[in-house]
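In what follows, chain A forms one complex with chain B and a second complex with chain C.
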Partner chain A sequence: MADHDSILKLLTERFPGKVSALELTPAQTAVSVEAASIVELFTFLVESADLKMNYLSTITGIDRTDHIEIVYFVSSLEHKHMLTIKTKVDRIGGKIESIQHIIPAANWFEREVWELYGVDFVNHPDLRRFLLPDDWDQGNPMLRDWDGRDFIRMPEVQ
Partner chain B sequence: MNEATPSQYSEEFEVNMGPQHPSTHGVLRLMLRMNGENIVRATPYIGYLHRAIEKICENRTYAQCIPLLDRFEYVTSMASEEVFVLATERLAAVEVPERAEYLRVIMLEFNRIASHLIFLGTFSLDLGAITPFLYCLREREQIMDLFEMTSGQRLTYNYIRVGGVAYDIPEDFLPLARKFVDTFQHRIDDYEAILTQNPIFLARTKNVGIISKDIAVNYAASGPVLRASGVKWDLRRDDPYSIYDRFKFDIPTGTVGDTWDRYMVRVQEMRQSNEIVRQALDQLPQGDYKTKMKAVFKPPVGECYARIENARGEMGCHIISDGSTKPYRVKLRGGSFCHTQLIPAIAPGMMIADLVATFASLDVILPEVDR
Partner chain C sequence: MGIISKLPVYMENVPGGTIVTTSLEKVLNESRASSLWYLLFGTACCAIEMMCAGASRYDFDRFGMFFRASPRQADLMFVAGTISHKMAPRVKLLYEQMAEPRYVIAMGGCACSGGPFYYDSYAVLKGVDKIIPVDVFLPGCPPRPESLMEACIKVQQKVKKEKLQDWSSDRRG
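Presenting the complex of A and B:
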């Protein structure tokens, strides 16, 4: 079982300049990664015998008003450690490579972030409407400036 | 009737199953591409119950979020409260009194039993056995009564709060809870007598809907579904929260990962939960049931992902605080979401009747998928 420091050391040494350790409160094992290196990082996490991080808890987006942060929570069932991975993409027209060919569970997680935040997951096979109605045309509702409090959608009656 | 040639049999067609269908447990729509009786491809469509809980949470104070989160996973509302409260308490470093921790564990484990009873009932109903459903609801009713006398509610409790629980248990609670714990283990024997070795039940569940270890892990299955595939992973033991490290309990696992294994794992889990409740009732200390919180609760800037072992697997809550009274972002993760995603991976080659059995054994709750 790799501990907090050795995971961070391993990753920052393996990906110099691309992965850096993050200080979060309350303390947790976290790294930030350049969006362009996400596939590289996940391939390493899954294949490395010391880490074996192939269990993806979830992927989530956060609208930080000037950019969108994408957060991956990945853990290893064997070594029982967990890692938070953060990356930044543009708020409008943000793009990041899909990781669903490495971890299939990412498929729906990415689809959700795509729909609610408008982040494009390159090479994702199935970016279709997901939680929202098929004919949704009101933008990406999880963005902070999207205010749904006066939003009432009436069904069409014929 | 005309005799059909083999080529006519092999013509593929599409069947729409749901959103309103008795065995989709809520509103899930499955588009099935069929070849005769066999499924070629299954495509789930979700979102019919999307209530934008995550978005609404951004406009509510932390205390106001809790009753809303009861609607996230309503079969085990206690767990959806606990995961949010746990994340908030870690953010704000709130100390929880001993008695409150015990009360939480008692409620959570009772709720797990209630949820597994619902599973057992509806699962056997889907397979055509009606009796277990009636038995299961009878026992579940007793748990609901215990919840009602404590929190005033039978389904959406709003009981677990930041810093403790909302109310102490009433006087009648302990004797009734003990009575339940003592009789319940024999009730489980009754359910097993009807189902476990029943030839029809075995024919419908053995080697049906096999989920291999690799698929289970890759698709982030969790809880009983993961354990039935032979992975011994339980967050109560492997990423301990609350006071679960004080109780002795086994983690039942399956071997094949078929429908029968998932049934068996849940039945064993009910026994284990029952034992945890028994230990918690024995150890229950006196004292405060909540800490005094400030009138205006503002956790410091930070973020936290808390995860707990729910009846449906890993339930996670990621809270980001900007230091104000309302969370900046709340992300909810439910086990059902990943289990629904499993369907396209395991359905090809199955018959519809087997898909019904398999889907029931995944114990998916659609409000948890759609949020």
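Presenting the complex of A and C:
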């Protein structure tokens, strides 16, 4: 099992300038990565004998109003360590390379992020409607400025 | 006298015989009200309370209420839980598959109005009455089995008041 500091050291030395350590909570090892290096990073995470990140918990998005943050949670069932990976894409027409060919479980997560946040996953084999109703025509509902039919925003509490 | 003395007041006992006189409407309504079979259909935590009400502690069987797994055999539908926009067409379909006369109890805040998902939700239908007619609204989050029992008694009262001449396929518009 690789500990917090050695995972961060390994990744920042392997990807200088592309990966940087993030301070979240003491229990959470986290890095931020450039969107362009995501495939390179995941290939390394899966193939590295020290890391062996073979389990993808989830991929999710956060609308930070000026960009979309995509968060990947990976862990190693063998070494029993976890890693949180954050990356930024454009809010409108954001694009990022799919990691489905490295970790097949990413398929559905990427479809979910695609339909809820409008982020395009390049080279995804099957990017189609996932959780929303089949006849959904109201855009990406998890964006903060989204408005739709019979959507009622919470009034400001004084 | 035995059971004859315990008959409901609208039945008239003919002295010295085994015959009672009453109206067909009342017999039919009493039978229907005492055998409200409900559709086993729950989408969220309200379903847990519904199951509890049907199980031995609250024992809906004593009202003649049994769950049915098919809408074709059900008289009553508990909309027990949050209905999302994706689920809404299925709820409507299930309602339409039920044989008439049919009754609906909107159980819990979500089925009544959207409940805790009223604000800031893109996914939840704001009240099941937007898609199907509802007979009894039962608030609570979730309501206790006693409340559900009260709602069922309300439906029974409604059933008993119905007139035979009102039975038609377009009774509910």
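The rule is short, and it goes like this: the second predicted complex is superposed on the first by the 144 of 158 C-alpha atoms of A that agree within 3 Å, B and C clash if a C-alpha of one lies under 4 Å from a C-alpha of the other, contacts with A are read in each partner's own complex, and residues count from 1 in each chain.
Going forward, contacts are C-beta pairs under 8 Å (C-beta built on N, C-alpha and C of every residue); 3 or more make two chains touch, one makes a residue touch a chain.
Quick caveat: nothing in here was measured; it's all calculated off a predicted structure.
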| item | value |
| --- | --- |
| Partner chain(s) touched by A:P141 [first = chain B, second = chain C, both, neither] | both |
| Contacts of A:S57 with chain B and chain C, given as first, second, both or neither | first |
| Chain B versus chain C as contact partner of A:L10, first or second or both or neither | neither |
| Touching partner for A:W108 - first (chain B), second (chain C), both, neither | first |
| Chain B versus chain C as contact partner of A:L132, first or second or both or neither | both |
| Contacts of A:L24 with chain B and chain C, given as first, second, both or neither | first |
| Touching both chain C and chain B, counted on chain A across the two superposed complexes | 131-133, 141-142, 148 |
| Residues on chain A engaged by chain C in the complex (per definition of touch) | 131-133, 138, 141-142, 146, 148, 150-155 |
| For the chain B and chain A complex, residues of the former touching the latter | 46-47, 50, 52, 54-55, 58-59, 90-91, 93, 217-220, 231, 233, 238-239, 300-305, 307, 314, 316, 318, 320, 328-329, 331, 333, 337-338, 341, 345, 370-371 |
| Chain C - residues contacting chain A, complex | 85-86, 118-123, 126 |
| Interface residues, chain A side, partner chain B - complex | 24-26, 28, 54-58, 60, 62-63, 71, 73, 77, 80, 82, 84, 103-105, 107-108, 129-133, 141-142, 144, 148-149 |
